[in-house]
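Below are two complexes that have chain A in common, paired first with chain B and then with chain C.
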Partner chain A sequence: MKIGIPRALLYYYYFPFWKAFFEALDMEVVVSEETNKGILNKGIKESVSEICVPIKLYIGHAIQLLNKEIDYIFVPRMVSIQSGEYFCPKFMGLPDMLRHGVKGLEGKIITCQIKSDSDDISAPENYYPMAEVLGVTKEQIQVAASVAREQWIGFRMFNKSGFTAVEAMKMIQTNDSLEVLLNNQQSSKPVLRIGLIGYVYNIYDPFLNMNIIEKLRELNVDFITFDMLEEAQLQEKIKDMEKTLFWTFSNKLLGAGLRLFHEPTIDGIIHLTAFGCGPDSFMGKLFEFESDQTGVPFMSIRVDEHTGENHLQTRIEAFVDMLKRKKFIA
Partner chain B sequence: MVKAYIGIDVGSVSTNVVAIDENANVLFNIYIRTNGQSIDSVKKGIESLKQQLDHRKYTISGVGTTGSGRQIAGVMVGADVVKNEITAHAVATTYFVPEVRTIFEIGGQDSKIIFIKDGMVVDFAMNTVCAAGTGSFLDHQSERLGISIEQFGDYALASKNDVRIAGRCTVFAESDMIAKQQYGFSKPDIINGLCQALVRNYINNLARGKKLEPPFVFQGGVAANSGIKAAFEKEIGHEVIIPSYFNVMGAIGTAILAKEEIQKTGKKTNFRGFHALQTDFVPSSFICQGCSNNCEVIKVKMNGQTVAMWGDRCGMWQEKVSQVVI
Partner chain C sequence: MKISFPYMGTVIIYKKVLELLGHDVLVAPRPSQKTLDLGVKHSPEFACFPFKTIMGTYIEACEMGADTLITSGGHGPCRAGFYGEIHKRVLKALGHKFDFIVFDSYARDKEKFIRNIKKIKGNNSWLKVIKAIRFTYQMLKEIDRFDKWIAKNRAYEQITGSVNQAWDEIQKMFDLAHTKKELKEAIINSEKLISAIPLKEVQERNKVRIGIVGEIYVVMEASINMEIEKILGELGCEVERSHYLSDWVDHNMLPSFLKRSHEEEILKKGEPFIEIEIGGHAKQTVGHIVDFKERGFDGIIHLMPFGCLPELISQSVIPKMSAQYEIPVFTLSLDEQTGQANNKTRIEAFIDLIKNKKLSNHQFSA
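Moving on to the complex of A and B:
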């Protein structure tokens, strides 16, 4: 059987798990191509217009997989990965949104409900509902989930040690971590270090964010993202808050941001957000307050469907200039 | 020979060219409406610089460009520094008003606020995609009201009644203005209301509740409008300084940066020379069919030879040009 996985949303967080899981069940895994204008346009056309661009991209990626002779597209219903916290409702309704809202996807979606009390989503019960459609036994699922867990832990280890999720994926897939490591270190010693705060699907999709990671590296700026921090580090600053944000990943980002504002090695913080993201509007304001208190410069960059790269370039350059002058002239 | 440095700011509405000397005294400045013709405007600006600057006295030792057209201008003239507008503006303002804390800059299609402390940018904000409340909007309204933009300020200052115009969005502002005209408010009242709406919108969108510290400097093309200056002073309750070269500050800033760069590195300038004006620069664009990104690639040819390309997300075309030795 051939299973398609859209290169969008939590692909950048869980793909190593899902790939290993399906492969352990003797399935072939196909990933949609890297985001391009064609994928975005398809996604926009098939989505309701008010929805955020990461969801539109997910839909575009799912449609693209239809050309790849897949049997099913795996669209999990992400419910919770932290007790008492939930995913943004768009994640919870994702399989239905695709099945019933997008032409051609009915009957092509395979789904299951993911509930867990931590980022580790390997509990086999999550995946039992797929056993019948996949034609496998519960025992096979148990084995596959544990194999997948190993892979995911390997990926996460690289990610947590400071590599981007995309690099970490390459490192476990090719077993050639050395090469990635070398490529990563080729550039000269970074002059600045910033916190790049954003959801994985915003910071790691170079099309959506007009390659912000590459732009920062060209300017010789090192960065740290929330997924590079340990869970305990993410929770530290928010566990005493009277009320946190509603959704799991928003809380992780908030925890990362609040922490980085107080990290002496961090020169500034950039918040990358997709237009129309509700939770981010709260978070952005909280970061503004934190910036005022700590004196650490902060900037929000909002991405959307438009492709004008000029404004992004100008903002990043100006922000980096400001940090450099502050650091080296003052 | 005295060293001179050129600064060029290619914006959406105006193209500004300045020349400064070693001490950042302005030797020459010109403000040209771009009218969508950035290459011609740069040529025009450099041409009048050539005519007015004494060749026997001055030698061009460095060139900087800024503004949304900084890339193409940089290629045309052979720039030593290609800098974003925010840095360029801040550099110029802190030169003229060293104690400045807040810069209001309103240009043709964008507006910025820059916060300075001890001569250093500490924060900034730019308007988002929307161009509400910028120079182009005022241009459009002056046309609609049938008065020239130069008279806008005088009209606003002659206002006797306060008229509240919605400043959140230009579309609403326009319908609000039409309604107020139909109620019979005078032109000065409406224009004054518009100036206040623009400033309110600017403060709401860009300052976003941040503490505004004096001295305030107001620059950019819109600073020519005394009505807006008055509206700013009313809104923040403090005097606003307009520097003498308010409409070419970006160009001055990038000229200063070019001067610093040359002084620091001791390099010879990349300036192609005034004769380069005769060169034919032909920009063109095509849709790359390499993948489904279908990038619009901008190509600039100089005397038939491609000298610059950009706009491709993958960098394939940029790579090709950089291999060609010019």
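Moving on to the complex of A and C:
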């Protein structure tokens, strides 16, 4: 059987798990191509206009998989990976939206509910409902889930030691960590270090964000993202809040942001958000308050369906210049 | 202590329960352009529309001297649950001093719920609190009953404006009732009032019934949904909403062993399209569409705040539902820039379409 996985949303967090899982069940895994104009346009065309760009992209990627002779597209219903918290409503309704809202996808979606009390989503119960369609036994699922878990933990380990999720994926897949390491070497010592706060699907899709990671590296700016931090570090600043945001990944970003605002080695914070993101609108406000309090410079970049590359470049450069002036002149 | 609260629907209810407990209550002005302007100015740009409106209301209330704000924590996992946190910070930054009481559902945090009740309770005896709540709840049920009658019969008034006028008077009468006896009188007088309104006889097959579904705040608060019930009434349609305050109280505030099953049924009906509760009222929205169809309604107006997360999922599945259940649905997304005139024309066109369809069906069967 051939299973398609859209290169979007939590691909950048869970793909190593899903790939290993399906492969352990003797399935072939096909990933949609890197985001391009065509994928974006298809997504825009097939979704309701007000919805956020990352969801539009996901829809575009799912449609693209239809040309790849897949049997099913795997669209998990992400419900909760932390007790008392949930996913953004659009994740929880994702299979519904694809099945009933996008032409040609009904009957092509395979789904299951992911519920867990931590990031580790390997509990086999999550996947049992797919056993019949996949034609496998519960025992096989148990084995596959534990193989997948190993892979995913390895991936997260690289990720948490400072590599981007994309690099970490390569390292775990090719077993050739050295090459990635070498490529990752910056020519000279970074002049600045910033917090780059955003969902994995905004930070790691170079098409969506005009390759912000490359841009920062060219400017000799080191950065840290939420997925590079340990869970305890993410929780530190938010565990005492009377109310957090309800959505796990939003809380992770919030925790990362609040922490980095107080970290002496951090020169500034960039919040990378996508047009139409509801949760981020509140988070952005909290970061503004935090920036006022700590005096750490903060910039919010909102990417949308037609962000101009020049515009983005200029804003990043201006922000970096400002940080440099602040650091080296004052 | 001067208490105020967000403005949503029949506000005399919130006022009543607080008054009965001896509090000084300040009802903020009905949301106006000024409210929206204030709210927009002091909210994050992409906050949801209800957030912005309530922001404006709080500012107005604080400026008028309120020192205590009461609100509910919102339903299900959505942004509304976090409204209070941001509202609080913005108001503080503006220099207002106040106590903020957020009621989350009993199930979510029992201790906090009790703590909040105690704040409201003040020096009253528990018996008095229970009596006040029971009284208000009864009144709420009655008001909702009249509210439904009004929305149904507005279409058939012979004298223009007579139904709206009666509704205003009914609310006034209820507002003045503070004892069981007064409540009874208010009910009787309201009954008299509406039975005296001359109504047109309309043949069953010429009646047009429209259900309004969607996010609770924009469905319930007329001042921010362009008074859609009135618009539809003027166009000759009977109207029913998916949300009434009493249903909301039943579903959210009562401990689960007292829960009525109505809302559960609605949720079941939504299941084929939105499998689980995803936050806000999205699953109710699709459930109510099915329910309205089963009850013979002719069309649905789906109201959502611009960019509302869960309602965008409903909006995505609605075209298919509409085709499968053969019921026209019109989604209207509302925000502070909603062009009234433009939307009114679109609503008219939608109703025309429904009427024409009905007409041609009769002719066909005749």
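In this section, the second predicted complex is superposed on the first by the 328 of 330 C-alpha atoms of A that agree within 3 Å, B and C clash if a C-alpha of one lies under 4 Å from a C-alpha of the other, contacts with A are read in each partner's own complex, and residues count from 1 in each chain.
The definition used in the following text is that a contact is a pair of C-beta atoms (placed from the backbone, for glycine too) under 8 Å apart; a residue touches a chain by one contact, two chains touch by 3 or more.
These numbers come from a predicted model, not from an experiment.
Partners chain B and chain C, brought together by superposition on chain A, fit side by side with no clash.
Touch criterion not met for A:239: it reaches neither chain B nor chain C.
In the overlay built on the shared chain, the residue A:262 is in contact with neither chain B nor chain C. Touch criterion met: A:36 reaches chain B, while chain C stays clear of it. When the shared chain is aligned, no partner comes close enough to touch A:45: not chain B, not chain C.
In the superposed pair of complexes, A:93 makes contact with chain C only, with no contact to chain B. In the superposition on chain A, contact of A:327 is made with neither chain B nor chain C.
Between chain B and chain C, the shortest distance over C-alpha atoms in the superposed arrangement works out to 7 Å. Within chain A, no residue touches chain B in one complex and chain C in the other.
Residues of chain C that touch chain A in their complex: 44-48, 77-79, 81-82, 84-86, 89-90, 93, 273-276, 278-280, 282, 306-310, 312-313, 315-317, 319-321, 333. Listed in rising order, the residues of chain A touching chain C in the complex are 47-48, 50-51, 77, 79, 85-86, 88-90, 92-93, 95-97, 100-101, 113, 241-247, 276-282, 284-286, 289.
Remark: chain A residues 36-39, 206-207, 210-211, 288, 292, 297-298, 302, 304, 306, 308, 310-311, 313-315, 317-319, 321-322, 325-326, 329-330 touch chain B in the complex. Note for the complex: chain B touches chain A at residues 68, 83-87, 118, 120-124, 126, 128-129, 208, 210, 291-295, 313.
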